[in-house]
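Presented below are the structures under discussion, each in the form of structure tokens.
Here come two complexes built around subunit A, the first alongside subunit B, the second alongside subunit C.
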Partner chain A sequence: MNFRVASDPEYFDKNWNILKHAIREIFKCNDNARHLSFGELHRHAYYMVLHNFGEKLYSKLVATMTSHVKEIAKSVEASEGSSFLEELNTKWNDYYKALEIIRDILMYMDRTYIPSTKNKPVYELGLNLWRENVIYSNQIRNRLSNTLLEFVFKERAGEDVNRELIRNVTKMLIDLGPSVYEQVFETPFLQVLAESYKAESHKYIEFV
Partner chain B sequence: MVEKFLTVPPFECAWREDLKFQEAGRGCVAFDAFACNDVTLVFRENVGSQGYHYKRDSSPHYTVILGSHRNRRLKIEVNGETVVDVVGVGLCCSNSFQSYWISIYDGFISIGNGKYPFQDVVFQWSDSRPNCNVQYIGLSSWDKHVKYRNVNVLSLKHTLMPLSKHMLFGDYQVEDDVTAADKQLHMDYDKWGLNNFLESWDLSDMLFIVGPEERPVPAHKPILAASGNFPLCSSFAITLPTVSYPLLHALLHYIYTGWTQIPQEQLDSLRALSLQFQVMPLVKQCEEVMERIKVDNKLFDTGKNVELTYPCIGPHCSTLPSLPVSIQRLVQLKLSGQYSDVNIYIESYGFVARVHRIVLSLWSIPFAKMFTNGMSESMSSEVTLRDVPPEAFKAMIDFLYDGQLNEKIIDSGSLLLQLLLLADRFGVAFLHQECCKMLLECLSQDSLCPLLHVVSSIPSCRLLKETLQRRIAMNFDYFISASTDFVLLDDTTFFNIIKHPDLTVTSEEKVLNAILMFGMNANELFAWEVVDQLIINSKPELLFGERLQLVSDLLSFVRFPLLQHSLLDKLQNSHIIRHIPVLQSLVQEAINFAKHGLGRPENENNVRFQHRRSSYRELQYICDGDDHGVLYFAGTSYGEHQWVNPLLAEAKKITITASSPHSRYTDPKVLVSRTYQGTCFAGPRLENGHNCSWWMIDLGQDHQLMCNYYTMRQDGSKAFPRCWNIQGSADGKSWRDLRVHENDRTVCKPGQFASWPVVGPNALLPFRYFRVVLTGPTTDATNPWNFCICYLELYGYFL
Partner chain C sequence: MKKEDTVKLISSDGFEFVVDKEAAMVSQTIRNMLTSPGSFAEREHGQVTFPEISSTILEKICQYFYWHLEFASGKDREFPIEPELTLELMMAANYLHT
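The block that comes next holds the complex of A and B.
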């Protein structure tokens, strides 16, 4: 079996390039995964960890994923008006699917290298990167909060809104951790709600 | 259900009364199709007439065309008008049957790839003016023949989870979804098993359709075939209109997880269902519980659940040995290939096995992901693996079907090791564990180093690694003298051995030698003096290369103060010490210790000044019949009292046996009595058809000896031995030659003493048992197999 490779000085770079290419393809479009071999990519990742390149592999993965997430953040930031939420949702769905595939490929790293370190497993890493770079981006965070509230109040006012979209986006916030959901949606939502009830109740009091 | 194939000629459309949704406007059709392009399905309110063509249809209908425009587009038409026309999705595969499903729910059309309805959605579209009356399904074509098979119509009455996710209703609440935390749990290696596939669409190849609501419940043919007798051959779906879902669920739960529960009053129905499908262990268990309830009526309690657990033997939940799945039948399925769904190839070797994906996946998360996560292998019925040793892979596949390690593999150490690596790579935890267990059981001294070399890189083999490191540390002398294999170990492993608390060595000088050899990546054995010469014309950087720092670090684990003074002096005047500053200070420290004692109190805690936890006592040969040997030492209870015959002492320290029964002339006491005896021999016994004569010493379970010298004394006869061996053994069964005498003419007088050194690596292995054994006839022609000695003594390092 493959035990001499470790002495090849270019071993890591060669194999990492294969993985990096695959990760980029999967991020570009989930559908590309159909043309990639799980067996091959899993094998490369397995041997890299076996040859003590776990740490290097992980840091390269973080770099690749971070740069990708930053690109997404830019494109979401650039989206205009009402397409903002849709763009965010589409990107999230694609990202999430890609993340699952990447986690599968790197499962040996998750299983054997990660527990001996303080690093986060691939799935968690992916969610953290998304949270820090996309949701908490200056141009996105408040806009997201406001857009969601706007949608909710439109809906309460009887207007026709895309409920599935809101459902998906709030689901994303919950997946990212309860605190994210609270900060970005629940707290501002309850505040505005309280104010609107206050206003309404004032109206009633005045009416009476 | 349509017959095996249904071929639709160009420009035609097949209609059947039974190809219809149960409820108008809502339903799902799943099918396989073989076409170059244009797999066309028409959904109408009524059956189409003969010669029907959708282009001419004026009544309301939906048409879905997969692979339109020469297999480049997906089209949906409403009443003949194109409403969807997208490039590159849901296309056909021209060289084989491909599976699709199409569901319609009040004008909401979902199209998916693959055998599992509601999974792998490729396209969805919602009609703003839904036609809620379409019910009949027509299978059509364009200008080429299209073959259809396995056409199944499913009801959507029962709300289906996977689909509901995509539907345009629902509130802001999300509790019904699988949460992120759950998904993580599913990757738990220790709990992975068939339970993960219970009622899962993943890898399912058949459906139960239960109850009046016609709820589809997916299952896996190979599993069912091996656990009972289900009517699987004839159809894709088993329809059970009178069986309720909870009842079928209870049955499947039992098969997939090894246990189930059911309200008491339904026990009888569960028994009947199990009997219908011949799931005999469950039938038996139901009957047992019913019997118990009958005997003791108080046990009966309507609405109370009874739990039924398959009495498993295996330690792992939900892998084969602990499930009511018949191993024999599963192995038969493997041999016959029935219901198998993937061919496995190994690159540059070829075909290895035709297997069932579900069987591989229930053991292995990597295989499960390979077959389901949507990458290239998930779509293909052929999988090619690389970097997989074929024999070991076949052995793994065998294990995945029967859960047992084959004898042949156990006997072959290298195959076992390859199997361990495969188990690690494919995450088969149970096989991994079995391999580690076997490797530990079959360890031989000479396989330790190569094994450790491989195992040290596998993070999941920690226990095995630690055991091997300890074994090597305890037999350190042997490992650094038998071969240079140890220099191949990685730095960390060697480091762990050197600083191991159980490191046992006859001399600290050997630790020094080993470190230098390791540092130089030596391909032959040598001592520090050789390095001392080499270093005159070289530099430490050149000699040790990358391992220079490691050598410096390791030197501090050598307990120089335990070395003899003369050796320390020699070291102090060596060349090597001038090149390695650490060595200089360590040697200086040791010399100061010899001169001034511990000196500063902090030295008391310095391990370098302490003897190792277990250390050898040197029992050195001085002359024939001296009182320095181990048998004499045993006579004093290892230095506790005056010598007495060790076999007559109160607490027996040693045992001596002979190949022939005890008699006047075959008396073990004589051998250690230190007195001359005219006639004393061990007679022959037959072992494996050969004459065999020997004297054997057992040092007891607390003691071992690395034998480096031994003495024998001829009795009064002239039966001189010519061919014999001295052997050592750890268990009294398998023996290693310590010294082989062939045609040795040393003994030539009655009563003569004779002694020989034992050299070579085996002399450095500690053993509990020793024996001298005749391997050829003596010089006495009448009784050539009497081994006539009246004295035996062993020397060496005693532990």
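The block that comes next holds the complex of A and C.
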């Protein structure tokens, strides 16, 4: 193996552009990633970290991922009516898969640069960005809570609902951390449930 | 040996080493390459090119993969390393996370 010293002032930008382009392709989750070489991308990231560009690489990664997550948030916010949960679920599945790939490509950064800093590893970073920008977006958070509750009560009323979808979305909330699940689903759910049982029990009492 | 169970590792000078996937995946880097959810070229073709590892070093590495598997299953043999290879081997090991 040869250590090419990165004396070229454009070294970082050149290599980062290749990685940035690849990360965008990966986020698109289409077959375009097929012509990418894992080895090549991993090697670029490896040498950047080796040449002490870890910090720069990390901050560029944060910027790229943040802007992508914000775009997703916008498209989920814009989805209408019943397609909202489906849109959120599809986007999450794609995002999660892309996140795993990016983590794998940048494994050397996770392994050598991250432990010496207070920064979060790639996987955790990805989950945090999703939580802050998508789930906790003003236009999504309450809507997500309400839509989930609506689904649950529809099912109790005997309507056919897509259980698989609810399962996937609540699983996403759990993946994002127990507190996210509690805040977005569990607490409001228990509250509404308590009220509905109260109302129902009152009905019976009046009957007697 | 079925083709799906093997992977071809290609050195900088063009030598091809066909090894069991199980052995190659002793390297965490190669493991990621072959198991990452994306459909990357490496996974499609079952081969990985190392433009920075010479055939001498890559051969040693492949021997190490098998030695490692044997060692893991309880066979403790000597693994000889020629002193002149150490530096390059160490750099390759760092890269391959082995």
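Quick note on the criterion: the second predicted complex is superposed on the first by the 202 of 208 C-alpha atoms of A that agree within 3 Å, B and C clash if a C-alpha of one lies under 4 Å from a C-alpha of the other, contacts with A are read in each partner's own complex, and residues count from 1 in each chain.
Methods note: a contact is a pair of C-beta atoms (placed from the backbone, for glycine too) under 8 Å apart; a residue touches a chain by one contact, two chains touch by 3 or more.
Keep in mind it's a predicted model, so treat the numbers as computed, not measured.
In the superposition on chain A, contact of A:52 is made with subunit B only, not with subunit C.
Using the contact criterion defined above for the overlaid structures, shared-chain residue A:17 touches neither subunit B nor subunit C, since it reaches no partner. When the two structures are aligned on the shared chain, A:123 is found in touch with subunit B, with no touch to subunit C.
By the touch criterion defined above, A:111 lies against subunit B and subunit C together after alignment on the C-alpha atoms of chain A.
Taking subunit A as the reference chain, the count of touched residues is higher for B when subunit B and subunit C are set side by side. When both complexes are overlaid on chain A, the residue A:83 reaches neither subunit B nor subunit C. With both structures placed on the common chain, the touch criterion links A:142 to neither subunit B nor subunit C.
When both complexes are aligned on chain A by C-alpha atoms, subunit A residues 1-3, 33-39, 42-43, 46, 100-101, 104, 107-108, 111 touch subunit B in the first and subunit C in the second.
Against subunit C, in their complex, subunit A makes its touches with residues 1-3, 26, 31, 33-39, 42-43, 46, 97, 100-101, 104-105, 107-108, 111. Those residues of subunit A whose C-beta lies close enough to touch subunit B in the complex are 1-3, 30, 33-43, 46-47, 49-52, 100-101, 104, 107-108, 110-113, 116, 121, 123, 127, 163-164, 166-167, 170-171, 174-175. Only residues 168-172, 174, 177, 179-180, 183-184, 187, 189, 365-366, 369-370, 373-379, 383-387, 389, 418, 421, 425, 427, 454, 457-460 of subunit B touch subunit A when the two sit together in their complex. Chain contact summary for the complex, subunit C toward subunit A: residues 28-29, 32-33, 36-44, 48-53, 57, 88, 91-92, 95, 97.
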